[in-house]
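Structures follow.
Two complexes are shown next, each including chain A; its partner changes from chain B in the first to chain C in the second.
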Partner chain A sequence: MKGWRPPAPFLLLLPAIVVLAAVVIVPLILSLYSSFTPFRLTQPASLYTFVGFRNYARILADREFWTAFGRTVLLLTVALNVEMLLGLGLAMLVEKATSGQRLLRTIMMFPMMFSPILVGFQFKFMFNDNIGLVNNALQSLGLTDQAIPWLIDGSLAFTAILVAEIWSSTSVFAILILAGLLAMPKEPIEAARVDGCTPWQTFRYVTWPFIMPFAYIAMTIRSLDVARAYDIVKIMTDGGPAKRTELIWTLVSRTAYADARMGLANAMAYVAILLSILFTVYFFRKLAAARTQIAAEW
Partner chain B sequence: MNENTKARLNGLLLSAAHKIGLFLAMAVICLPGLWIVLASFRPTVEIMAKPPVWIPGDLSFDAYVAMFSGVGQGGIPVIEYFRNSLIVSVTSTAIALAIGMAGGYAFARFRFKVKSSIFLGLMLTRTVPGIALSLPLFFVYSKLGVIDTHFGLIMAYVALNVPFTIWLIDGFFRQVPKDLAEAAQIDGCTRWQAFWQVEFPLAGPGIASAGIFAFLTSWNEFALASQLTRSVNSKTLPVGLLDYTAEFTIDWRGMCALAVIMIIPALVLTFIVQKHLVSGLTSGAVKG
Partner chain C sequence: MATVSLEKLVKRYGAVEVVHGIDLDVADREFIALVGPSGCGKSTTLRMIAGLEPISGGNLRIGGKIVNDLPPRSRNLAMVFQSYALYPHMTVRENMGFSLKIAGQTPEEIAPRVEEAAKTLDLTHLLDRRPSQLSGGQRQRVAMGRAIVRQPEVFLFDEPLSNLDAKLRTQMRVEIKKLHAKVQSTVIYVTHDQVEAMTLADRIVIMRDGHIEQVGTPEDVFQRPNSKFVAGFIGSPPMNLKDAEIADGHVVFSSGDRLPLPSRFRDRVTAGQRVTFGLRPDDLYPAGHGIHSGEDADVYRHDLHVILTEPLGNETLVFSDFGGAEWVGRMLNPRRLVSGEALPFCFDLSQAHLFDGETGKTLRG
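Right after this comes the complex of A and B.
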């Protein structure tokens, strides 16, 4: 009697599935369960009281949570769009450069190697109201005689975080879009020019459709990792001043570790996870669509 | 003639604008990092000076000396943190690479049902925000008693790195023509031999860069490490950076010095991978 042999790809994928199940899936199931309990770290017994959707109901009615949620979505939307545009601009600048491309490309990757926590620290240092580079420069140039409270005023702090976020992630877009520009055949552009297209038309109808999949790859990679903004905010303002820069992730960590309300925090975390999944699935589908389009054209 | 000079002038202006734009962009990218490096060599008095001192007067390695002189003399246990970071990053990278090679090979060389859904599923495990994952992991780890150990952090980082490693390695195996391995098999290699003799060497550089990328992810990770580590037993450098911040005061110079220590390995490794990283990401995703 022959034993059943599992198919090869299944065997090859098994280790990955086992590890991910052990470290991600099972803990997440546990946290899903605990989001239905009033679990507090200080009272272990509270893990076994089932309260149904009370945590979720509380979140839904919680203004603070929705403010943080809205701010997170705002941050991501603004950051991703600006990163995309700046990355496109940067890639085109570098592509046009006639000499020193290799050096330019290396410099362009520079922010990528910075740990988000380092990015946060670096911008905290630069935006410091007293000794920061930004204020010092503004004051030395005589543009302002007062110290601008970058990280102390709510909306200024949000801007500072946005700047840090954009600085750290623009290079992902720039690098991948540059790869697209370099891989692009030159004939269509020349043909468009011969046919009398303006530079803008050439870009819009020839170059852009070609590099779009590359932009979506960058978007997908970025969306896998949107929560890295947590590290930046954690060190720059830690959600302050007076919770004006609280993002959904800092709120989760505060609720869980400072207030020790694990059950509630897990419920919030699930909303955060859904948000991330939404972003990723959206860009994956865009990527797949762009891919089939390109495959059809080639 | 007028037309000619006009066109030439236009061209010159455009190229000047291009150069200026490029220079400004590069300056914005480089400046924050350079400022940190500079600050790490300056005495605290100069960093705090009001009005600001723009031209550094006296540069020294004092911050580095203080940092490595151990706890008590204004130092933090940097050597321990560095060791922890290195152990955790290297081990988790090695494991993630082994798992990622198996998985990437499966995606690149086999056809099977629901392939794209499995791929998406793997990626989705990566999207779980570190801080959201840290809540249940913190609980499970403290039950298992692996909190504040290397093992716990390594497991977490392996899981963090596997999806992306699979994506990259899948891309690199796709670049190796299928015919080569088939030819080797016709010549009498087993599939296993064909893999190690033909496909692995060809995809080698790509796999190495996937490894470096995984290493950097572990090296830089903060959200999980900040909750799963407690003491010098397992604290990594990103968590150690917070040692310099007290309630109201921050040792800017010390932090800058530690930041430089953290960035150097990342800098060197990124230079090595840059070329392969991009080709791996795009070939997997564009050719589908």
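Right after this comes the complex of A and C.
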């Protein structure tokens, strides 16, 4: 071996490789391994008992897990679609602005600047049945004289979480779609108008196909986000009432830390990650297709 | 009947007026070219006709009906844009059939019309490509195809050839001319290239700074320009235009060189008047190398020194010095010239133009 030296690129990248291995790869492997053990935080020795796919088998038969899974998918679907529509509307309005567009763009990004924890607290306060702004407003407007139990009723609480989630992230769609609108050549739109299109047809046949890839990029980003939605739910309802707003990640953290069943929690986490990957792959496919369609140069 | 009438048409952007109340009547099936230097308001005018820009003043009539407030889709016209403006996500076939689809025609009705237009424009083998897979010339043809498929009453072209190389441009020019002969629609064609305007149009509209300078047939604007501006704009190489003064029956240039004042201008100028003298390169030639024999009474002969030559094969452009300025002449059946060489030149004064020094208007009767 005398005289052998690893190639320079490898040597130069070595520090990065070491750090990456230490903070990403090792924990990843460790957690994957622990999902095949009955590891409990209270019984460290259980880490060395290998039980094969027993955790996964248990999850597959676990009603509570599938409920949380289904609810996560529901949240993902509703939130993404609503955010897309709102973001599209917002972007088109801002694009029409002849002056102050810069300012509007900045304001549009405000929700993204708040940490999800803060957003959670904020909406928890707003939806509070006694002192919250929402009930106050509804009562002042005379729409109701009752205190609507926003965070106490199961489906209302889910709605409240959706609202918070949508508020905080519509701007992701708005910004990306706006970028698409600004990058879009104006002549095809004019050509469409001369070709006989109504404003709606112009949007439907010319504008929308062009900005679709941008919407898919936002979808991809957001699908990763929502699939690991945790903070807002944790703060607003903590999965309650009676687990009616439990999502995959609140369930995982409860299993891991409250019940201390690390092995099982890790197995759940891997299933959840699989879900994220599926969504991401799906949107990437759509994105690639949409890109070839408009012959994007990026 | 697709006549197009502009009546005192005005366009303002905010406080800035860019088209100053222009009048123009385009006859049915006429091919009209709007020419002028960049920024003179050609595109703005065309876009007002298309309905893409709101009209700030005056009336626009198509087929006699005022259409000022109609959206583009209700004006039954087709437009070809400078950048082609193809729909990037549609195939050539879909691009060409799009307007018919929007108009509610069935695929069975659309297909034959697209096929026919594609055949006319030699696009049949490209029908399933997307615009990004086409060359510039092919895209240009698709843009034309998209327009002709609609069989509109009026075609609008905004510099459709200016993104093509010289050879393709010449080729497409011929195609457009053939196309007009075939479809028999009214055409309004914007270009900054006077050669395109001259070769294509029935009548040419020369614009300058939001005004119309002159309207006329190609022969009209070439032979009888109303102003110094038109004289300098039409023709290639441009007319020699030199400032001078009238003194005892002569046109006197700044250096003191003089030319006899052509007889037809005698009553139209006064001694001491400042004028601009214009002579096309065709009318300034070395003796024996001109369009005319050079034996006419109105030909003035003078020796000039050759400064520079541009041989073009069948002819040579000769630059020489006279009256303190550079003049371009055209030498037919050329022989090799060396710079500095002195040659007897003919000034064909029967073809000379004279413009007022102040207003730039022609002094011709």
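We adopt the following convention: the second predicted complex is superposed on the first by the 271 of 298 C-alpha atoms of A that agree within 3 Å, B and C clash if a C-alpha of one lies under 4 Å from a C-alpha of the other, contacts with A are read in each partner's own complex, and residues count from 1 in each chain.
Convention: a residue touches a chain if its C-beta (ideal position, glycine included) is under 8 Å from a C-beta of that chain, and two chains touch if they have at least 3 such contacts.
Nothing here was measured: the structure is a model prediction, and the numbers come from that model.
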Which partner reaches more residues of chain A (counting touched residues only), chain B or chain C: B
Contacts of A:P185 with chain B and chain C, given as first, second, both or neither: second
First, second, both or neither for A:V206, with chain B first and chain C second: second
Partner chain in contact with A:G240 - chain B first, chain C second, else both or neither: neither
Chain B versus chain C as contact partner of A:L104, first or second or both or neither: first
First, second, both or neither for A:A22, with chain B first and chain C second: first
Those residues of chain A which chain B touches in one complex and chain C touches in the other: 294-295
Of all residues in chain B, those that touch chain A in their complex: 18, 21-22, 25-26, 28-33, 35-36, 39, 47-48, 50-52, 54, 98-100, 102-103, 105-107, 110, 112, 116, 118, 120, 122-137, 139-140, 155-156, 158-159, 162-164, 166, 216, 219-223, 226-227, 238, 241-242, 245, 252, 255-256, 259, 262-263, 266-267, 269-271, 274, 278-279, 281-282, 285-286, 288
Interface residues, chain A side, partner chain C - complex: 185, 187-188, 190-198, 201, 205-206, 209-210, 293-295
Residues on chain C engaged by chain A in the complex (per definition of touch): 50-52, 71-73, 77-79, 81, 83-89, 98-99, 102-103, 130-133, 146, 150
In the complex with chain B, residue positions of chain A that touch it: 7-10, 12-13, 15-16, 19-20, 22-28, 30-31, 34, 89-90, 93-94, 96-97, 104-118, 121-123, 125-126, 130-131, 133, 136, 139-140, 167, 171, 175-176, 179-180, 183, 213-214, 217, 220-221, 223-228, 230-231, 234-235, 249, 252-253, 256-257, 262, 265-266, 269-270, 272-273, 276-277, 279-281, 284, 287-288, 291-292, 294-295
